[in-house]
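Some structures are shown below for you to check.
In the two assemblies presented below, subunit A is common to both, partnered first by subunit B and then by subunit C.
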Partner chain A sequence: MVELPPLTPQILLGLTAIVLFGIDIIAPDTRKNGLLASVSAIGTVAAAATAVWFLAAGSGDYRFVQFDGALVVDALSLFFAFVVASVATLVVIGSYDYIEGEEHVSEYYSLVLLAATGMSLMAAANSLVTVFVALELASLPSYALVSFLKTDRGSVEAGLKYFLIGALSSAVMVYGISLVYATTGTLLLDDIAAEVAGNQFGGVLGLGILMLAGGFAFKTASVPFHFWAPEAYEGAPAPISAFLSSASKAAGFAVAFRVFTTAFPLDAVAAVAIDWSLLFAVLAVVTMTLGNFAAATQNEVKRMLAYSSIGHAGYVLMGLAALQSGAAEANAFVLGASMTHLLVYGFMNTGAFLFVALVEYWDVGRTFEDYNGLATRAPVACVAMTVFMFSLAGLPVGGGFLSKYLLFAGTVQAGFAWLAAIAAINSALSLYYYSRVVKAIWIEDPSDDLSLAGTPTGLYTAVVAAAVATVVLLVAFDPVAQTAVHAADVLFAL
Partner chain B sequence: MVGAFDFTPAIPLLPFAAFLVAMLVGHFAPRLLPKGGAIPGILATAGSLLLSIWTFLTVSGGSYHAQDIYTWVVGQNTFSLHFGILVDPLSAMMLVIVSLVAVLVHVFSLGYMNDEGETGLPRYYAGLGLFTFSMLAFVVADNLLMAFMFFELVGLCSYLLIGFHFREPGPPSAAKKAFLVTRFGDYFFLIGVVGILATFGTARFVAVGDGVHSFPHLAEQALAAAGGEGTMPEHVAHFLDVIGMNAETWFAILGLLVLGGVVGKSAQFPLHTWLPDAMEGPTPVSALIHAATMVAAGVYLVARMYGFYALLPTVLAIIALVGGFTALFAASMGVVKDELKQVLAYSTISQYGYMMLGLGTGGYIAATFHLMTHAFFKALLFLGAGSVIIAMHHNEDMWDMGGLREKMPVTYYTFLSGSLALAGIVPFSGFWSKDEILYEALIYGAGDSPILLAAYAMGLLAVFFTGFYTFRMVFLTFHGEPRSDTARDPHGVRWNVKLPLVVLGILAATVGLVNMTPVAELTGLHIEYLHQWLVIPEASDFAALGYDNYHHLLEQFAGYHAADIGPLAPGAVSLALALGGAGLAWVLYNVDSPTEHTEKLGGVKTVLYNNYYQDEYQVWLAQGVTLPLARAADTFDQGIVDGVVNGVSSVSLFAGSRVKRIQDGLVTHYAALLTLGLVVLLVAFGLLEGWF
Partner chain C sequence: MAVAVEYYLLLSAAVFCTGVFGVLTRENALMFLISVELMLNSANINLVAFSHFYGNATGQVFSLFVMALAAAEVAVGLGIVLVLYRNFDEVDVRNATTMRW
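What follows is the complex of A and B.
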């Protein structure tokens, strides 16, 4: 019997991207949006299913080292491969309607798939080189995707800004990598860990680590590397915003989790170079506070979601901030909670952006006022949106309640009650702006000329599927959380 | 074998079914409902009565019953909350009283409501059914929390029924008043229930079975331990440590808190003001709720947990004094009332005062006895009044009546039977029970507890007033010449009014014979059946609920000792006073054309007419004290609490708009800020970690 290679999910994603190119080469001039969307969806679903299958079969209990340690497959990489692939599935299904009628459709799908490949590789990267390459593989298609609507000024502007900030951040990160290499003489994460303890160039190493963290902060849209996010999310096609704010963020966290826990063991690094859990605590507080406060004053729903996405990055950062040396169990718990939140967030946030995509498809408008009374015209989608909003706020209608609860509880358990308290205050504030959307769509009266053109099947399917997944995660939360905590366990069991 | 106890849960549930039928069928298919719901109600309460009698007979055979029905909160490492049934002599007796009066009131309602062409009958009978259910469930409750829940439900039904004629101005107002005033007392009761659960970890009245405790028994152990015998139960000791009080003080506080509910429900001073107003409700409701049963709930509750109160001499003294004072106070107000039902209302307050006096002075049997006799004769009097009101076309003013004796003999003679019982004339039932209460107060007062003598004195004085207002009422209503056209030609009443009157009339006359203490003393015969009924053999699991145990507790903990006084002389004194009052009424009012004599009272008259300004001062309390306090709290809430909340939100929004301004759209600014932020982090961590 042939064994599948451990990197099957990533390979599937990459192959699908190539197949999409192939289709375009064979039939460049025919309209084939449906075919391309189907192929992409099959590819992403297959990748997600493989990841789940591997996890269920217990492959995640071991570390399958690939390419001499450049990549590694374990529970963490499979978990995030699933998150990325499932978000990508929702995104390509939603995109079917959204980019219908645009030029270069096949490039769109293959770029999405390539970005997804890069993101899932980020979760498997085990050397600073592959970290960087995977990160760029995820970033470069993203830049192109953000400016996909070439005739739309906003989209092009957003893509350019994203690219410039991204280039700057990449530069910072590469510099950080070079400093780490200079002090430790290796790029493999496991070997770096061996060199860190008692390192005589503590200052330089600390500098490198901090700059490396900057690169991850860019990918996860954390302060102060967040500036691109509101602009890019707002300008990009809404499905791409969904993709970036969910999958890309998750991948950024995946690689950060692995690099910091594997290469820079906290007790050794804190002694010589930098207490990075403190660094992440600072970033977490600033990020969640800035994200939520800014979200509260936005007038446009999509921009509000962009800031709320920053806020959620702040919550997830608590998973790194609350780590402490020598408390393996508490560490695994809180890190697992972070991962769980990312998974749940993947569904509810993607769903929310896809709802925005749906509204953009209808050409209704972007502000809260424009959303007034939508429920009278599209009740099903509005129920889904309500689930997303309340779940994001942490009310018990979706998995967001439990994952947030788990995250806060883990943080408190790890002895960071003050951090959890700040997060709770932020979370309370977030209820304000999330419920503004709910109020607009359900309570306010629609304007007289509100009429919605058509019911796009793909978008509806994606939105409803995301809503169902969000609600199901409330009920079937336990296996997910256990898988996540187990993945964190495997990570710490080195 | 299937015994009566298997059917005990059905006793309350049957009226509940009647309630559902009356409500649902009455709402969806009113045509299908016979007599507007009266028939299902009568059938259900009759079924309850039969089952109650069966239960009663089983209990007389010496078997008692306690059972958990349903645990609705299962405590992990703490107490659980459950519904359960407790059938002992006290509750068995009460079951029979309540279901009997309920049946008779349902029958009477046929005449009072259906025959008078009232509308909204399904609502009326649904209310009666729900009330009967709640009261019966309250009676069989085996723990204080369940008792509280049904106590509240009873209060709700009272509200619904008083406000039955909700389109008129009076009834809704009276209903609200009744609800609010009793709620005020129940508030303390609720705190008491929580306190008892917290202190003892259980609210059961009796412990039957392994690993089960009852709070009166735990309290007894705790107090004994405080006095140097035995050990303090762990849970109680721990709780007392937490609150830092000794057992005696804390238990007295708990007892008084629960007593708050009792004072409200049983219309004791100072929470009695709702009851006279409650007469706005239909008269059968007054009979069922505001005389025989609901008002009895308070007194019954004290009797139910007498094992707890018997430990607390201070609380007992307060109960006795409140009771004695209420008895006298209410009786004095009844003297000047012009309306038939008002007189009865004040007499009800007064009579419940006697029961409290009895309980407070250690006369557990006497109070229970009076609870029973009063239920019958007061229901009779109210139903008789209802009959008169039907006859008088709903005019209740006694000065418009007179001479009804010839026109409605059945009503007259039954009413007279009830009045003789109320006034306490031998051998009618009220004499025996009231006399026993006063006797117990006297002997324990003359024993070691002189404060009880004050309560006794008030109770004794009230006997005179009782005799007077009772016969004033009888003479004004039935004797003399008719003073109005309606009185000359009253409306006739049918069998459905007369039947309940006759049944109750016979009972009012005879039920006192079950416990003729003076006769027993005199003749040496063992005819104190009620006494024997309430004694539970020591071997039984239920001995803690028996009179012997209570007596023992009273002697050991409350320091009550009986002085050696025979029952005859005190009985003669109270009989003489009652006859004196009745005689005065005879002289003043048993004439062809009686006139008002209230002018002779001078200034007292105004005070009495205004009910000692009780309403006024309570309204003042509400308007002059509570309202400003509420306003101050509101100001605090609006200004400070809301101010903080609003302040936080405006600060958040302001900060948010600042953040928004940083995001100005210029990518060069972003790059600069990003770099700046990185540098700040580098410098800060560099300094912190000592890189430089």
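What follows is the complex of A and C.
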């Protein structure tokens, strides 16, 4: 019996990307959208299944240190490998219909798989070198994917804005890494932690940590590097918006969780440089408030979802904000709640964006009014969309209710009741704009010429699968939450 | 020979600020790319200088990674600038404004 390498999920994703390129080399001129989509889906499903299998078999209890500490496989990295791979599965299945008829289809799927590889590696990165390389491996394909519709002005503009802000923030981040190296003389997270305590260059170190946080804020679409998100999500092909707002965000949080808990222990850093949990508390409040208020004023559904995605980044940031030194149990609970919310969010948000992809496929329009009466023509998809919307708002029709509840409860338990109160107010506000969509599709009358051409199988499958997963997570929430809290436990038990 | 290591920190900070200034003021997408390149290379100055200071090769090796990634980033960036030119007939970053909130 051969033992599988601990990094199997990541290797599977990378191999699939290479296989897709290989298929394109062998048969460059034939139409093979179906073949490419199936190969990608098989690869991502296999990666997700391996991650679940490893978690179930208890591999997550240990830290498998790879490549002299550059990468590490533990429960956190397996958990997020599952999130990324399952979102990627939904995205490639949905893309099958969406990019049918476009050119360069094989590049599209390969880039999705390469970005997924980068995102799952981000969750396993244990050195600032691999953090940066994995982050770029996730970012560079994303820039190209956002501007994939080369003749569409919106897509190109979105790609440009995403690229410009991405290049800027990665430059800021690598400068931050160089400052951390300047003060500690190492780039391995565990060794940095040892050097941080009592460090005499607190100012430079603090600046480096701030700049690193900036890089993560870009990846998670949090204030102050959130400007790209509405444009990129609106202009990008809708499945790519789903991919970026779910998987990319989850990976950004995964790497932020690991770097800040492993390399910069709160008590040591707060003594010499900055109290980063306070920084994240401020960012969380600003991010969720800005995201929710901006979402409430939108006319277009896709842009509303983009701002709601910023709002959810704010909720998840509470997991970092509510950490405090010397409270290991409460810390693990609130961080685990954040991770759970990211997993549930992965399904419900991907589903919502794929519903938008479905509507774009029908060429119905983008505003709330254009969605009027869709339920009379496409009831199944609209039931799914209703589940996503209410679950995102935190009503008990999907897993979003429980994960939000767990996150707020964890924040209160950690002694940050004011933060949870602000989040609860924001969450109540969010119900307003989510229910606007539901009202449009179910209650308003359709315009006379509303006709939906075709039933795209792939998009329907992906939307329904995401809806089923969201509802199942409401029933089978306990094992997921326990896995996440356990993963956070492993992270703190270094 | 020996330049104190603090001066490298000052030099890199100056180069970094030049880059930030360029990013904030330039309207040509290519100049923007060049400015980002300055910012990345200021990090390389730090990495190489402190690699020498601490006597380990980590920083130097990482600076090679940074250079390679900077090249990859520019390749993707130039591709995007090219489609920008084809769609908007110029490379002024201020004119791609079909979406506004």
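Throughout what follows, the second predicted complex is superposed on the first by the 494 of 494 C-alpha atoms of A that agree within 3 Å, B and C clash if a C-alpha of one lies under 4 Å from a C-alpha of the other, contacts with A are read in each partner's own complex, and residues count from 1 in each chain.
Basically, contacts are C-beta pairs under 8 Å (C-beta built on N, C-alpha and C of every residue); 3 or more make two chains touch, one makes a residue touch a chain.
Model, not experiment: these values are computed from the prediction.
Within the superposed three-chain model, A:A294 lies in touch with subunit B and with subunit C [touch as defined at top]. By the touch criterion defined above, A:G203 lies against subunit B but remains apart from subunit C after alignment on the C-alpha atoms of chain A.
In the superposed pair of complexes, A:D275 makes contact with subunit B only, with no contact to subunit C. By the document's definition of touching, of the two partners only subunit C reaches A:G159; subunit B does not. Applying the stated contact rule after C-alpha superposition, one finds that A:G235 touches subunit C and leaves subunit B untouched. When the two complexes are overlaid on their common chain A, residue A:M119 makes contact with neither subunit B nor subunit C. Touch criterion met: A:A144 reaches subunit C, while subunit B stays clear of it.
Applying the stated contact rule after C-alpha superposition, one finds that A:V172 touches each of subunit B and subunit C.
Overlap of the subunit B and subunit C interfaces on subunit A: residues 160-161, 164, 168, 172, 204, 230-231, 294, 298. Within the complex formed with subunit A, the residues of subunit B that make contact are 649, 652-653, 655-657, 659-660, 663, 665, 667, 670-671, 673-678, 681-682, 685-686, 688-692.
Within the complex, the subunit A residues that touch subunit B are 160-161, 164-165, 168-169, 172, 202-204, 206-207, 210-211, 214, 223-225, 227-228, 230-231, 273-275, 278-279, 282, 290, 293-298, 429, 432.
Across the complex, subunit C is touched by residues 128-129, 132-133, 136, 140, 143-144, 147, 150-151, 153-154, 156-161, 163-164, 167-168, 170-172, 174-175, 177-179, 181-182, 185-187, 204, 230-231, 234-235, 294, 298, 303 of subunit A.
By the touch criterion given at the top, residues 9, 12, 16, 19, 23, 29, 32-33, 36, 39-40, 42-44, 46-47, 49-50, 53-54, 56, 58-59, 61-62, 65-66, 69, 72-73, 76-77, 79-81, 83-84, 86-88, 93, 96-99, 101 of subunit C touch subunit A in their complex.
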